[in-house]
């Protein structure tokens, strides 16, 4: 317990979290601080490029083993099933319409890559190792949740809302996934030599860029909350805090079953706990335009993302340490 | 004297100044070299982030002492009073209207953070230390000048031009101040450990980014001069060179009174000598739209900024060395 | 021969080439991965700034010698004459109109600075030195080809299409040339000290930025090919592969005549072999709007650029090693 | 200069639907269109601006399409289903163009 | 498709005044508007372009607002004080919209 | 508010020709214009979008110019030679402006 507090304090005082808080506070105070769209996009491309490449390079030299395969499968199963759970929970806890509840559920099955990146940064600071292939697990968890949610909708309504092939292609080939998987594979192919070549670009400045990026995320999340005043009920907010805890627990269960080491187990929890706010909202706007974006964006970006970043990650580290052992 | 020339030469041959000159020359020659708006904004966010964080981190571990408090107070007094002096000077030296003169005066009470960054870079190259809290002094000097100028206007005209609260909030919470002060405080809170984490991002590449940024500033300043042909009289230009010298002298006086060491004394001179071209123009457009932006932008950005960068800073270093002692 | 394969393999497995291939593949697969315009422009400014400065700094301390002068002259002659050769070849090999053929020819006399940067990066990885002034040679080769092509057009048609002075100024003072030459001169002026100051910005992260930039180039080249389906004939594509080989051979001839060492000889080949896709297309749109941009952009960016990057550069290194000696 | 009557259709629609809309326009036989970025706005679903966007799901585009008067009806009919389900506004203005073979 | 008459108000104004203008529009009861970026221009106060801007004080935006004909007069009256003191231009064009309950 | 008749000329033209066009407009005595970025489009020379551009040779701009009715003819005549050789479209719409001394 004491250790948990120490961890939480260490986490809350890391520049990464403080810059997120700065952005959040600046947005609430209605400061005009803002990042140009292109810079925010550029930073996110950088983070995907760096995390993918690092993951691939760290894996090169090792063969494909059962744990890797099982982790990927676990990711797919988690992403596909968590939305069903989230949907039931939402119907029980809130008064959302079926469409809104299904749309929200899709977000919680999918993942937030920035939460993943922040967690891996915090693991590195604490000297906890994790497997490079967790990046690939993250990538596999983006899409299945969307398909589950669309299935939920078609089951609960008359109109048949099967995904059209254009949308399917957009989801599978969305820029983030392509960059993440592509960089991962290139890192895998070029290994230590390739990594050494570009390490000064992707390793040393990584944490600094992450600080700036989280500052921007804080601004966006804070502005989202300010604008969405009234769009989400107290019960929905409670869901936004409860669901990541449930997700993380189930993630931990899978990690234990597969036998993942501490660092990877934490990341599996983080992936299960985090909610998408890029790929899934885009898919929902196309496939379910009647669902209210203010609800799902506020929950995933305004509630769950800050919760995971500040309270969630240190909690997951502490619990995983207790369960899996350091 | 000889030392002054050596200093000036060293300064003029530093890449920082040469890239500014390159931009200036390219603009005058009407080259189409230009930086996308988003990139220029991104670089300025980076510089504010880095300088704020470095200032805070370097201060962490030291307590709040009298010199710090006095320096902050000196900054506020300088920012509030220099516009009055500038206004009198402008009315004596030029034929500007009251409104234009007051608007210009506001710029000279406030500060140019890029001039500050360039000066601190030059100090570092010359191995002269300065106090981390000078960043906080810079931040306090942005706003008071605007209030002084609006007071000048309401005193000299019938219509009551008190600042509306929306404008007041915009000035106090403008993005640059929030980022600078926020980064400063986070640097202060996380101290040496936090600094070590993100040093590869904010320390090593700093001077290179500054070169590129000054290249862009050179382009902007040069294009401003080309477009403003005829908007400013010779007497106004003379003011744009004289005023920084007066400001620097008064800044030095305050530095001596407070007992600042060499590096900080130079920065106090630079802050007093520099003129705003971001926060103040924005406030003037809102509060005094009748004042001609071509006049104040040309003077602060086209005359005083290049003057300080090339001639001013080495001069201030030399004078401060003579007065305060190395 | 064996060595050639080893070289080619090493080249094809470098992250630089793999990221280009990733972008190309993503574009063909119609992924929505894309870089904001401002970020792409920002990266290209960075590359020009870094390569120019490094070239100048590495030259500082050496005097101007005959080889330097001869190389610059060779560059001008190559740029002016290669279009004539390309034009004849196009008229023989393809059924392009005179205007289209002349426009395409202009591109092949001029150069692609990114191909040059990639080649110099590959030389560095292989430990082959090259002269800093090759950057200046690259700059001199941009414009003469345009003048040659306009002369070809006026000779082959009734209407007199002399360059107007506005266009001439745009070509000579285009942003890329000004930044490249300006950085080169500043590097020359500030030498080793200046380089040391900004090395952490321009040296260490260089290859990483190049990877990201080539990823974007791959996306652009791939999308260009997809959109241009049908705009270029098979014979034109053959020209796009043959012409760089011819250009490289003539470049090698000049290098041997001047007595350039291996690294510089390779770069001379690369410059001769590469085709412009920035400066020349812009000039052609203004001066020869009737020529079809789909043809010249597809050939230079979609055919010759990838060819040089993947097959060309290792081939030129191997041939130059055989001819000039390692 | 001889001018010809034409209709200027301006459609403000979610960026994520932009390609689907322009595909429909092309299918409807429109000969050209231009897309302009929209940096902010307000409507029944609230106020928004580019700053404060994290997702390509947000943001709007303005699609401007000049058509011959007789093409107006079929064009609007072709894109209406999309506009009906998704947020956005349409306006049609009488205008004049120079070379009417282009429209 | 049934179309309804409407007015398209286009206001080109300094970026720094954009929020104040749209607040006035909202107060005047306008149901929506769109803001488009302007990258350059020229007028009585000279020529400008985005490149060569260092300050958020510079630059213009185009605010497009579709209103029912009867709302034109009060809307213009509401924003006129702002437009009078600050540089910018206004134009009003007759147009047609599809769903007039939106305007 | 007293309104005056005016013409809104909208020219969509290659970015590379933008300065040449606005110079012609200024020579033709136009008192002002605004340039809006165009992020994509389609026409007789195919479809394009900002993403997938490597060169300043590509991309279009929209130049909007409000003029008094009597200035329409000479303005169009002045810019026509440029428009004729380069790809792009022109439309002219009747509109109303507030302060007609500005146009």
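Read from first to last, the chains carry the letters A, B, C, D, E and F; within each, the first residue is number 1.
Assume a contact is a pair of C-beta atoms (placed from the backbone, for glycine too) under 8 Å apart; a residue touches a chain by one contact, two chains touch by 3 or more.
A quick note: this is a predicted structure, and the numbers were derived from the prediction, not measured.
By count of C-beta pairs in contact, A-B exceeds the other of the chain pairs A-B and E-F. Relative to the C-alpha centre of subunit F, the farthest chain centre belongs to A. Centroid distances from subunit C, each centroid being the mean of CA atoms, peak for E. Separation between the centroids of subunit A and subunit D, computed from CA atoms only, is 35 Å. In terms of their C-alpha centroids, the spacing between subunit A and subunit E amounts to 39 Å. Taking each chain's centre as the mean of its C-alpha atoms, subunit B lies 46 Å from subunit D.
Multi-chain contact residues of subunit F (touching two or more other chains): 36-37, 47, 56, 93-94. Multi-chain contact residues, meaning those touching two or more other chains, occur in subunit C at positions 32, 34-39, 42, 204-205. Counting only pairs that meet the touch rule, the chains in contact are A-B, A-C, A-D, B-C, B-E, C-F, D-E, D-F, E-F. Residues of subunit F touching subunit E in their complex: 1, 3, 6, 8, 18, 22, 26, 31-37, 61, 64, 66, 93-98, 102. Taken in their complex, subunit F has these residues touching subunit D: 12, 36-44, 47, 49, 60, 62, 73, 76-77, 80, 83, 89-94.
Within the complex, the subunit E residues that touch subunit B are 14, 16-17, 20, 45-48, 50-58, 85-87. Residue ranges of subunit A in contact with subunit D, taken from their complex: 27, 34-35, 37, 40, 166, 217, 219-220, 223-224, 227, 277-278, 281-282, 284-286, 289-290, 293-294, 297, 301.
Taken together, the subunit C residues at the contact with subunit A in this complex read 13-15, 18-19, 22, 26, 29-39, 42, 125, 204-209, 211-212, 215.
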